[in-house]
Amino acid sequence: MRPSGRAPKQLREVSISRSFTKHAEGSVLIAFGDTKVLCTASVLERVPPHKKGSGEGWVTAEYGMLPRSTHTRSDREAARGKQTGRTQEIQRLIGRAMRSVFNLEILGERTIHLDCDVLQADGGTRTAAITGSYVAARDAINHLLKTGVLKQDPIIDSVAAISVGIFQGKPVLDLDYPEDSSCDTDMNVVMTGKGGMIEIQGTAEGAAFSRTELIELLDLAEQGITELSKLQTQALK
Amino acid sequence: MRPSGRAPKQLREVSISRSFTKHAEGSVLIAFGDTKVLCTASVLERVPPHKKGSGEGWVTAEYGMLPRSTHTRSDREAARGKQTGRTQEIQRLIGRAMRSVFNLEILGERTIHLDCDVLQADGGTRTAAITGSYVAARDAINHLLKTGVLKQDPIIDSVAAISVGIFQGKPVLDLDYPEDSSCDTDMNVVMTGKGGMIEIQGTAEGAAFSRTELIELLDLAEQGITELSKLQTQALK
Amino acid sequence: MRPSGRAPKQLREVSISRSFTKHAEGSVLIAFGDTKVLCTASVLERVPPHKKGSGEGWVTAEYGMLPRSTHTRSDREAARGKQTGRTQEIQRLIGRAMRSVFNLEILGERTIHLDCDVLQADGGTRTAAITGSYVAARDAINHLLKTGVLKQDPIIDSVAAISVGIFQGKPVLDLDYPEDSSCDTDMNVVMTGKGGMIEIQGTAEGAAFSRTELIELLDLAEQGITELSKLQTQALK
Amino acid sequence: MRPSGRAPKQLREVSISRSFTKHAEGSVLIAFGDTKVLCTASVLERVPPHKKGSGEGWVTAEYGMLPRSTHTRSDREAARGKQTGRTQEIQRLIGRAMRSVFNLEILGERTIHLDCDVLQADGGTRTAAITGSYVAARDAINHLLKTGVLKQDPIIDSVAAISVGIFQGKPVLDLDYPEDSSCDTDMNVVMTGKGGMIEIQGTAEGAAFSRTELIELLDLAEQGITELSKLQTQALK
Amino acid sequence: MRPSGRAPKQLREVSISRSFTKHAEGSVLIAFGDTKVLCTASVLERVPPHKKGSGEGWVTAEYGMLPRSTHTRSDREAARGKQTGRTQEIQRLIGRAMRSVFNLEILGERTIHLDCDVLQADGGTRTAAITGSYVAARDAINHLLKTGVLKQDPIIDSVAAISVGIFQGKPVLDLDYPEDSSCDTDMNVVMTGKGGMIEIQGTAEGAAFSRTELIELLDLAEQGITELSKLQTQALK
Amino acid sequence: MRPSGRAPKQLREVSISRSFTKHAEGSVLIAFGDTKVLCTASVLERVPPHKKGSGEGWVTAEYGMLPRSTHTRSDREAARGKQTGRTQEIQRLIGRAMRSVFNLEILGERTIHLDCDVLQADGGTRTAAITGSYVAARDAINHLLKTGVLKQDPIIDSVAAISVGIFQGKPVLDLDYPEDSSCDTDMNVVMTGKGGMIEIQGTAEGAAFSRTELIELLDLAEQGITELSKLQTQALK
């Protein structure tokens, strides 16, 4: 029995609100249950040094948690003067996931900068961030297509992410905080709308996991991402 | 004529939403028109070194802007590795304003830590932050009174803030971004619900200002803060 | 009765020594009683990025306290690796005050960089710094006019600053450290030689202050700044 | 055909030299072909704050590359003043891998601190670091058992890691730099000597990967780790 | 011929002003010609961690240059966020020099913290700093003896420093900036009042130097330090 | 009697292994007994800002100790976020020493960047670093001459360094850690192959030292460097 009463294969309620703030080219508030992440996509007419003069663009991401998005207050990273290893790991993951569905040549020498800020955390912030970032990026690119800055669509597929894990000996989908903090194995899976695997990160928190468990977790993740892809499509209508 | 069409003495539409996020003891989303600031109040059962063993508590604040809360994307302070001078100036101001209505002895050796994060900026973020922080702090203290942690109320008055300025030669209340970025004089005023002045910060951006103009600005500010105090009271009902 | 025995409207003894050090284009040691600040003005033939190619110059300031300028030794900011919020607040104030009397177009694409270093602190370091910086900047500009680098004077007015406060229920001028550390209200006022107000920053340290008190404090400040302007003029003869 | 001429299932030549330096309780130079990593295990009679008073110990890791361990010189992280996101990601991975085979209660309130410094890089530095760290940690614990500091062995299994990837459409084991920099999918797998999975991190660098490819990669990884476990055992004899 | 017209064995005019600022237990402005350094000695009733509980005290130093103490403005280290290697080298040298004349056991568990801030630089700032720091430390210790905090004098000898160098092929004493910036060999020598050598740091800036030149330089330095010791004694009367 | 049983004038066993790692243009593992330093020389086709457009090249060095190169583990400088004063002092010394034997004009606008990383420390790491860096730099320059990038040799002499000290009242050559940590005087001497003195840094750790002792130490150092120069020549054959 899951603490939330959900069935093992059941996602939390997911909501995707576009145009949540007004300045960004794409601005999405995504909620996976009580986890709420604001994902904005900014179009910058410049690229980082390693892309200068290449004719190609760049897609990158930054991630942060508001200090009291968590159960107890965490230090503000800006005040501490550096981002934690966890933050850097997550923002690198979001950036790789988003780049996997972009043709950087068609994007041209500009950057899509995603900012994922967690307003409220209840487990699964990185998967919500990736799923919401795709919608924000889609909106930003649509804006560039509409205004004629881009003639061709640089986005080649959609992308979404979900967590799965072994909780009390049983594979479950979309871990919330009470599950995440006491599960044995925790796995984040990133897949495209067409079903290609982009990233899989599984970690044994307690006991090691077996090949059989891994397969079960992947099945669950695939089902969850199929649902998320549909929700992304609906939200973008 | 103001760009927004408002009358000189007219505030923007103000909304104050309590319990905006679920973990913080006080959590308020305050909007001054298109300026939206999330103010959370966290109760920490510890005090900074200079208060240890004093029997007194502490009230402090931190401030940040989400990178794309602004018209063009700003650098993330956590990624740059330091807070700007502007950020530090603002969070020091919020902290002083909030301490002015607290009896730190009655609070006891604990800290009320306010976090003011700007989700969307359109001028006046610091005044919205102070006005919202009061409501969040009130909720956090009510929680401590209700749970019996505190027997006596450490809050001695309410506090709110507003900006005023000389825009195109005329004193106006509650500057929005188009006004703020082109006004001659910009003044932030912090007052208590009982009408005491807590802080006044006036700056000539272009031409110097006169004593007469200063008085007119103070009159405007006083009127605005009276209105904000009422809105705080209504929100807390 | 003031701890120093001064009358409420009495400034401390002010001395302004020009050419205190030999390398800077302007170098002034200013004393407000026991507060001693070395203000140097350096001419740099470059501007910060936001002014490049604008045809305009820039005026900026940095502020620091020698570690043992204070009653007990303070940490050296260079060793701690960052400037405090207070330091940044003060140097931003000095910069704004100095820019208010400069025509940046006439200055041309160069920077006047003011460095205000407190050798000995006894209250009022920021007001001494502004008052001394004006004299240093004046000397630096005179040097540029004399050597023909500038044909026209970019300085449009003089500028000075003073603190005022409510000490033991009474408005007093030019707070020294014993007054500053126990006063109810503390206000710093920056005005030009022609009497225009540039900046006013008033803070209730203990009880809130009233409009009447504010007016009394402004009267005192105006009188003090008139005296300081005269002393600046004498020193520059 | 692999650039090195290796068969798809062939590891590079692996060598494990113990007692490579003299001060550390465990000191291992491990080579996966031209990749050479010095792994030292230090016993510290203290634990980080979150373990103080818990009766449990801690196992942690730090990772670094010598500036010219790479084809072109990289910046020295100590001189730049911070570790890159990649460095932090890797050292967090090594720490988790090592903790997975430790009983922290039996270890008692002390820390095993692993330092993995890359002397020469040719792909697979993180997997070499984990594989070598186990041997260094084993030596450090043996030292504690021998000197009677520990009565019972806190290590519950061995641990090793290997990379696998899709190179030119074909799954290959133990990627070297030429393969790593041009492969489609790159996966790092951490397993225990008993065959339990500890961590799996797979990333599509170019095209997405399929479930079938994932299974093939896991088969390869399992075979490679079985070989590495034997080499660890031999080295420890 | 030296640029200043001095004889090869001639010191610049040296002045030592005690009680230059009022808060520090020892405060000395020392001038070696146009080089002016403010040396303050602060008594702190605490010791750094490595001396806690040892019964011994500590003597340490920090060094800084005001940004416009030099011919052209240098960056403010506090604003850059770190001290340069040169600064750290110099403050470590001053600390070692001062500790060489202290009996730390007699000092007891307290720290003498020397701050050497260069108000005006014209070569030889580190030697002036050491020579002035001794006088400031002497004053601070005298204060502790007078107030009865110390019963016994922890200072066992005096200490002073001077630079010597090969300028245009000839050994000269006490290099000023024009000499320092174009000399072939530059040597700083620290000696005690009783004639013991404490530190010698000689560097070939251009051509290598010979043993004969080294001996000549040491002779010069010894003579200079003998003169400085007398000036210290006179100043302390 | 020396702890190691060596005669006072006896160097530790010195070994110099070239091409220790494969990527760097010069890569030398040098051992002075148990002190082992990896010195790599990298050729960078760029110069620092102060040399841009000068037609001259640059030679610079960085130094680091692996955290467990020492008896007890030291903090990793990259993790602490800054290099210690000691590290900066040493890398500045290595850079000066190496530049003393380079003709920067002949080198042309490129940089020889030396990285000296201590794998195992037992006293004398800086002298080993200089002695090994020369061999690495020689190899890097030979590579540039062989590939025709350079037509003329920019190296004008060889350079080596050794420590000497007064241990238990007696001058000894090449201090190891037990001697270094308890000696009275410690001196590092850098000389060229032709016998010119480049740098001499002598420090009284306990009692002051006399001129006679200084001369004895220099004699010892000269003898040691003559031996090291021969070993460098042999290694380069």
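Per-chain numbering from 1; labels A, B, C, D, E and F assigned in written order.
Methods note: contacts are C-beta pairs under 8 Å (C-beta built on N, C-alpha and C of every residue); 3 or more make two chains touch, one makes a residue touch a chain.
Values in this document were obtained by computation on a predicted structure and should not be read as measured data.
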Neighbour overlap between subunit B and subunit F returns none
What are the mutual neighbours of subunit E and subunit F in this structure? none
Could you pull out the chain whose C-alpha mean position is farthest off from that of subunit E? A
Chain at maximum distance from subunit C, centres defined as averaged CA atoms: D
Comparing which residue numbers subunit D and subunit F contribute to their contact, where sharing over half means same and under half means different, the two sides are same
What's the distance between the Cα centroids of subunit A and subunit D, rounded to whole Å? 28
Cα centroid separation, subunit A vs subunit E, in Å, comes to 59
How many angstrom lie between the CA centroids of subunit B and subunit D, rounded to a whole number? 50
Where subunit C touches two or more other chains simultaneously, the residues are 81-82
Traversal of the chain ring from subunit C via subunit E: C, E, F, D, A, B
Residue ranges of subunit A touching subunit D (in the complex, touch as defined): 82, 85-86, 88-89, 91-92, 96, 100, 191-192, 194, 196-204, 207-211, 214, 218
Listed in rising order, subunit A residues that touch subunit B in their complex are 21-24, 27, 34, 36, 38, 40, 42, 44, 62, 64, 66-73, 76-79, 81-83, 87, 113, 115, 117, 119-121
